[in-house]
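One chain, subunit A, appears in both complexes that follow, with subunit B as partner in the first and subunit C in the second.
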Partner chain A sequence: MTSEEILQRVKSHRGESILQAEVALGDAVIHVGPDALHDTVKFLKDDPELSFDYLSHITGVDYLEQERDLRFESVYEFHSIAKNHSIRVRVALPEEKPAVPTISDLWPSAVFPERELFDMFGFHIEGLANLKRLLMPEEWEGHPLRKDYDLNWEDVAFTYNIDTKRELVKEKTLSRYKPGQD
Partner chain B sequence: MSVAEKGLLERTKDTMTLNMGPQHPSTHGVFRVILEMDGEIIRSAEPDIGYLHTGIEKSGETKRYVHCIPMTDRLDYLNPPTNNLAFCLTTEKLLGLDVPPRAAYLRVIMSELNRIGSHLLWLGTHALDIGAMTVFLYAWREREMILDLNEMVSGVRMMTSYIRIGGVMRDSTPDWLKGVREFVDIFPEKIDEYEALLTKNPIWMDRTQGVGVISREQAIAYSMSGPCLRGSGVNWDFRKKRPYSRYSDFRFDVPVKYNGDVYDRYLVRVEEMRQSREIISQALKNLPQGPCKVEDNKISLPPRDTLHTSMEALIHHFKLVSEGIHVPPGETYVPLEGARGEVGFYIVSDGSNKPCRMKMRAPSFMAIPGMCKIMEGAFIADVVAIIGSVDIVMGEVDR
Partner chain C sequence: MGLVDEAVNLLETELNNVKLNIKDVLDQVEYEASGAVYDSILTTKLGNVIGWAQKNALWPATFGLACCAIEMMAVANSRWDAARFGAEVFRASPRQADLMIVSGRVSQKMAPVLTRIYDQMPDPKWVIAMGACSSCGGIFNNYAVVQGVDRWVPVDVYVPGCPPGPEALLYGIIKLQEKIMAEAGSDKAGLRAA
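Let's look at the complex of A and B:
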């Protein structure tokens, strides 16, 4: 199906929950609210005409300092193996308490990317049992892929002193990257 | 059906937790898995990743588009040109750019050469994990040829960054084309050599057939991609399904096997090497003449010698080097077939010269939960074979 036909079919069956449907650079894209997400993707998966059975990836976007009502977005990309077409589902989320329902009951592969969303963006994934950090250490503070999280680096914590022939432990220092400096 | 399901061993309450990794040699990188063991049978496997996290997606937001390309090399470091290609195709889609045919063909040749290189490395280490030493040495011998070819054309053996926005870094040389042709000519008999060592080898077959089975439905549900999906009977290859970079010009088959075990994934990859060689030989034969990058000087640098004579070229050069390419606002995703499966970049542009968000869809990252699912019910001795057959690269898992 072409992107227009996909959107037509989704709109005719789930029109009330679709906030916006567009063809962006040839890709079919729908915008839904977090409450309608689970219902909508379940329809996308079960509908025989669409049959989006393959979850490609889930990712988050932070639109800080851009003209938008809602700061965050959670993006889902699906393929249909049988029909060879794709759709993208975008869910805009508010700055305070960004939360999306889990879709790991429909696609078991969603667990990892959803944990990554929690780790990197601090989205709360409703209904995900094992919600803990994935890539960063468990005691890490902050969510690195948010735009207000500075890109910083740590100096080496250990150094070897030739004169005293022993290791020195340095104070942990953080160097900050100032956005805009290039 | 796993041994545990057959009821050969009853489930007991006494399980043992066994830690494997992160420095285990057969996990191919710093990957840790915590195994819940019942005797020799694995009840559950809990993956632990993040040891190689380098924050490439975060750094990408502070770098210009051109500067992101060398970072994409470091993601799947065994097959860098596909990563470059994925990034460049996505950016070019946002720019609304079409590259000249010669550039597209050179991109295909580089991608396929390095697909073979990646599969050779996989074949060598996978066989070494299972206990076949000789294949490792043979596979390394041919991979060396590919790395030499990489060096000839781009100056670097592994992190090539050869594919750029709007084309390729520079045109191929006749020496390089001759080298590629030599490789194409000798490679079929080399594959026969590996196959003579492994394919009908009873020890290899015992060790891999019926081991680490994943069904078609589960492979799809767990978002496995590439050879893991095709080894389970799903005919899914983006080079055929959504031809990018002029793949529709080439005749090649997509190998599909149906048992979904370690042996079938091996057969799929070996056949893929033959098909990649076929694509390269067709691309060499039909390599179009013409420019190897777009002639729009807002995208690609003007030729060096024009800088001394043309004011316009000098301005373009200055603007491109000091500011970079401004990409129109929008967001898009282009899926590609890498050596391990679906590779793609999801890029959000806000109109500036740096991506607002650069996310990589990494096949290994998505395959890890599925891999741990395969491990359930398997023997501890098969874990190494299973990890090897899924072919993960930790660089793109942790990003």
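Let's look at the complex of A and C:
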């Protein structure tokens, strides 16, 4: 099916839950709310005409300082191996409490990408049993892929701040390995 | 007060000064002599032998982290041949190794693992930070990478480069050997072995 036909079919069956549908650079894209996400993707999977049987990937977007009502977006890409067509589902999420339902009951492979969403963007994945950080250490603070996360981790030691690194090393390593302490 | 009393006082002061000076010189001689005896006969000679043995049998832990590990592996090949310096035996177990070559960027999650491997190595042990990333974070000034492995383990030799070639790493190993010999027999070497 072409992208236009996919959108036509989705709209005719789930028109009430679709906020917006467009063809972006040839790809079929639908926008849904977080409440309608699970129902919509279940339809995408079960419908014999569409039969999106493969979850390509899940990712997040942070639209900080852009003209948008909702800061975050959770993006799902589905592909149909049998029909060889694809669709993208975008879910806009508010800044205060970004929460999105899990789709790992439909696609078990969604568990890791959803944990990564939680790790990197701080989205709360509703219904995901093992909601822990995937990539960063578990006691890590902050969500690194948010736009307001510091890009530079640490001042680079130059001549003007030559003691910076020395102090950090003293504080971290020498406290752990004091020569001859044991 | 007569002139005689004044002369006596001066003489006594002078005598005291001379006595103190002689005592200082004697203390100094005694200190130097004791050090010479202690260093030359007992510890230094044996320490030099031990240091010589240690520097010519540096067994690195098999611990490759990133692209620097490729150059580290090349060091063991016939072309550069670290066996000439006794550092070719890469041990698969940290308990048999005494040199850790941190070859590559250390991610935040890898750092506790690296520290554990370092802790498992028997004393005395040495660490070479190979490449820009393990020395200072390199180009990865971000949340994912430790900004210098010296935050986690004490580093003896830093080898700069991105990545440093095998000859640079060999030079680092030679520098480490020089350091081991320079420390041999001293208190520092004793603390390492403790």
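The rule we apply is simple: the second predicted complex is superposed on the first by the 154 of 182 C-alpha atoms of A that agree within 3 Å, B and C clash if a C-alpha of one lies under 4 Å from a C-alpha of the other, contacts with A are read in each partner's own complex, and residues count from 1 in each chain.
Everything below uses one rule, namely that contacts are C-beta pairs under 8 Å (C-beta built on N, C-alpha and C of every residue); 3 or more make two chains touch, one makes a residue touch a chain.
Keep in mind that this is a model prediction, so the values were computed, not measured.
Visitor: Which partner does A:Leu25 reach: the first (subunit B), the second (subunit C), both, or neither?
Guide: first
Visitor: Quick check for you: in the superposed arrangement, does A:Val61 touch first (subunit B), second (subunit C), both or neither?
Guide: It touches subunit B, and subunit C stays clear.
Visitor: For A:Leu151, select first, second, both or neither according to whether it touches subunit B, subunit C, the two together, or no partner.
Guide: It touches subunit B and subunit C both.
Visitor: Could you let me know whether more residues of subunit A are touched by subunit B or by subunit C?
Guide: After superposition, B is the partner touching more of subunit A.
Visitor: Contacts for A:Asp47 in the overlay, against subunit B (first) and subunit C (second): which applies, first, second, both or neither?
Guide: neither
Visitor: Please identify the positions on subunit A that touch both subunit B and subunit C, taking each partner from its own complex.
Guide: Shared contact residues on subunit A (touching subunit B in one complex, subunit C in the other): 135-137, 144, 151, 177, 179.
Visitor: Residues of subunit C touching subunit A in their complex?
Guide: So the residues of subunit C in touch with subunit A come to 108-109, 112, 115, 136-137, 141-145, 147-148, 150-154, 188, 190-192, 194.
Visitor: If we count contacts the way the header does, which residues on subunit A are in touch with subunit C in the complex?
Guide: Listed in rising order, the residues are 135-137, 140, 142, 144, 149-154, 156-157, 165, 168-169, 172-174, 176-177, 179-180, 182.
Visitor: For subunit B, which residues are in contact with subunit A within the complex?
Guide: These residues of subunit B touch subunit A: 49-50, 53, 55, 57-59, 61-62, 93-94, 220-223, 234, 236, 241-242, 330-333, 335, 342, 344, 346, 348, 350, 356-357, 359, 361, 365-366, 368-370, 373, 398-399.
Visitor: Under the stated contact criterion, what part of subunit A meets subunit B in this complex?
Guide: For subunit A paired with subunit B, touching residues are 24-25, 27, 53-57, 59, 61-63, 66, 75, 77, 79, 81, 84, 86, 88, 107-109, 111-113, 133-137, 144-145, 147, 151, 177, 179.
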